[in-house]
Amino acid sequence: MVYLTRREHFNAAHKLFCENWSEAKNEAVFGKCANKNWHGHNYELFVTVKGEPNIDTGFVMNAKELSEIIQENICERLDHMNLNLDVDWGYEMQPSTENVAIWIWKELEKHISECKLHCVKLQETDNIFVEYFG
Amino acid sequence: MVYLTRREHFNAAHKLFCENWSEAKNEAVFGKCANKNWHGHNYELFVTVKGEPNIDTGFVMNAKELSEIIQENICERLDHMNLNLDVDWGYEMQPSTENVAIWIWKELEKHISECKLHCVKLQETDNIFVEYFG
Amino acid sequence: MVYLTRREHFNAAHKLFCENWSEAKNEAVFGKCANKNWHGHNYELFVTVKGEPNIDTGFVMNAKELSEIIQENICERLDHMNLNLDVDWGYEMQPSTENVAIWIWKELEKHISECKLHCVKLQETDNIFVEYFG
Amino acid sequence: MVYLTRREHFNAAHKLFCENWSEAKNEAVFGKCANKNWHGHNYELFVTVKGEPNIDTGFVMNAKELSEIIQENICERLDHMNLNLDVDWGYEMQPSTENVAIWIWKELEKHISECKLHCVKLQETDNIFVEYFG
Amino acid sequence: MVYLTRREHFNAAHKLFCENWSEAKNEAVFGKCANKNWHGHNYELFVTVKGEPNIDTGFVMNAKELSEIIQENICERLDHMNLNLDVDWGYEMQPSTENVAIWIWKELEKHISECKLHCVKLQETDNIFVEYFG
Amino acid sequence: MVYLTRREHFNAAHKLFCENWSEAKNEAVFGKCANKNWHGHNYELFVTVKGEPNIDTGFVMNAKELSEIIQENICERLDHMNLNLDVDWGYEMQPSTENVAIWIWKELEKHISECKLHCVKLQETDNIFVEYFG
């Protein structure tokens, strides 16, 4: 079993805010992230798949195809978007790094067939990242 | 003469949009950056000052003081803000990386007295940065 | 289960030296790290916690709180310190990256309650890092 | 159990090409990587070993010795080489990042005795890396 | 005057070799870089232009257009190529980082019209880069 | 004229302290950097030379020779040293990043003959670096 990771990125705006909380509570919990006019990040996305290398190609999966799957299903929907306004997550969702990573996993899982999705790592800043293994 | 650089950062939302242009022209020129619901970046800011090192300290300028000047005058006003809505630039300004760097220069210059401001470098993504030397 | 990682850093001096060994043996084993006048590093610290994201916040744990816990319990005690002279480890300890990482785990574990500490990764240089999982 | 990682690097040329495929199929699968005149990469290699820190040294393994083992057994054989022409892999092998990582594991395993080899991570570009755990 | 830099990259093979020198002299001067079977690098390319920001856009130059000019005129000709065999430099040229940077300058200069080309920075490894200012 | 930069590094301990000042003044000016038991850094050193590329080699200067000059004259004297105790600067010197960079310039200048030394850049942390141009 070999693990292959492909990095992609997208830039997006978001805010962290609970509509059913007071502004004071929002600010106490989320701090500056609750600014109602949004802020944003350069998100770095690392997608890891696992499998046996193919005899002919030596590939667990063609990294170019993996890149295209991530581009089409994730980056085109999130890049230069507002994560609170522009994305239909399929359910009501706070756009925290954790929740966006879980959503990315679910979207990618449908499209990885020749090997297995292993990890979605989403980096919000140089100081904060999350990992989800399904 | 020695050049001292201090790095700071801030996260912000913005969009690039000319109000007196059609939506089509805005999209043709700015592409995805014109998304009216905003997007955002992790901005890296490098401020360079120049001068002679002090005999006792060996410092062109105390890097901790330089950091505080940048924090108070720049980061506190831009971090987790919407660069189109939340910042009073003093004049109407497209919040491009170029224009924000020039504004940062003007704000910092007032507060650097013991040596000279040399360069403001503002990095929007790993692939794009600007430098302004006054 | 989602894994959240927060990066912090501290700068410190140390030496690697066994008091009950000869200088020759110390130099044979530790090389330049045995210099009795100390050397130092910029340590990068990555702390990973794991748990279920909260429904309201989308957080495994508030990254700002995690940062404060690391700052108060680790960085304030190690930053700009001499790891051989200035830190009371609670027991006699060679300040190798491995041992410092284990100590950081033990200190942090007491303060992480709403989710579980998963990993302490401590990077001594760009070429050397250790990971401890408890 | 503590995990210690040492980074090394090497620069090499390679191409991805199946001799028993048509040029058209090679290009369809490998794209520009099939260029018969070769291309190349700066490979970053991260080797992780695991074990209990030694009481005296605090080391899972002496990082300098680990570095020497990697240098002698891997870098001296791969650095500034053509991975298709200059390396005797011991068997016919497509020099994909996956296959090279597996080969590195097998070569290193023979030389790690005081602790256990845990992971070989090989990074081909900033966007692609693989990990092999034996 | 503001300076705008755009980063692109390409992967290529090359060797450093003087045909009219003996193998011994080639090895003495170029070391492992003279391996006749080639080696390769991940090249990072930073192109800097300078000018006054446009009133409407705030741009010295549209970074997307700058990226396209670099892609079409440089990366498509160098990426995944052998710098000794696959590129028609227009004259006989040792493919050192210095010479490739000068060639990139000459090719880009023809296509930068709305502002001025200022610098081509070409990074061969993390440890070596060159800059050319025309 | 082409500019060639070579990166090297060294790890060292130091403190910033004026013997003829009170402890209170030392702490007011230098903060934690005045800890009398030392702290330390991973220093990154970038040395830039400038000249015309040689017709045969395409080199401004052989980067391997530049590396050896830096290693022999700088790194062997500073790596794993205490910058206050172990280095004979030739005069009394506060080991600030600024002063160390100036000293490195003076030591290197004697050994660069085939082209000209242009810049010594010394990085103390990811957030602070200095540049000296002679």
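Think of it as A, B, C, D, E and F in the order they're written, each chain with its own count starting at 1.
The rule is simple: a contact is a pair of C-beta atoms (placed from the backbone, for glycine too) under 8 Å apart; a residue touches a chain by one contact, two chains touch by 3 or more.
Please read all numbers here as calculations on a predicted model, not as lab measurements.
K.L.:
Fewest touch steps from chain B to chain C?
P.N.:
Graph distance in the chain contact network comes out at 2.
K.L.:
Using the average of all C-alpha atoms in each chain as its centre, how far is it in Å between chain C and chain E?
P.N.:
Using C-alpha averages as centres, the distance is 41 Å.
K.L.:
Centre to centre, by mean C-alpha position, how many angstrom separate chain C and chain D?
P.N.:
Comparing mean C-alpha positions, chain D is 28 Å from chain C.
K.L.:
Between chain A and chain E, what is the separation of their C-alpha centroids in Å?
P.N.:
Between these chains, centre-to-centre, one finds 33 Å.
K.L.:
Could you pull out the residues of chain C that touch at least 2 other chains?
P.N.:
126
K.L.:
Touching pairs of chains, which are they?
P.N.:
Pairs of chains that touch one another: A-B, A-C, A-D, B-E, B-F, C-D, C-F, D-E, E-F.
K.L.:
Which residues of chain B touch chain E once you look at their complex with the stated criterion?
P.N.:
Answer in residue numbers: 16, 18, 21, 29-31, 93-99, 101-102, 126-133.
K.L.:
What residues of chain A sit close enough to touch chain B in their complex?
P.N.:
Listed in rising order, the residues of chain A that touch chain B are 9, 11-14, 31-33, 35, 37-42, 79-82, 85-86, 125-126.
K.L.:
Sort out for me which residues of chain E touch chain B in the complex.
P.N.:
For chain E paired with chain B, touching residues are 1-8, 48, 53, 56-60, 62-64, 67.
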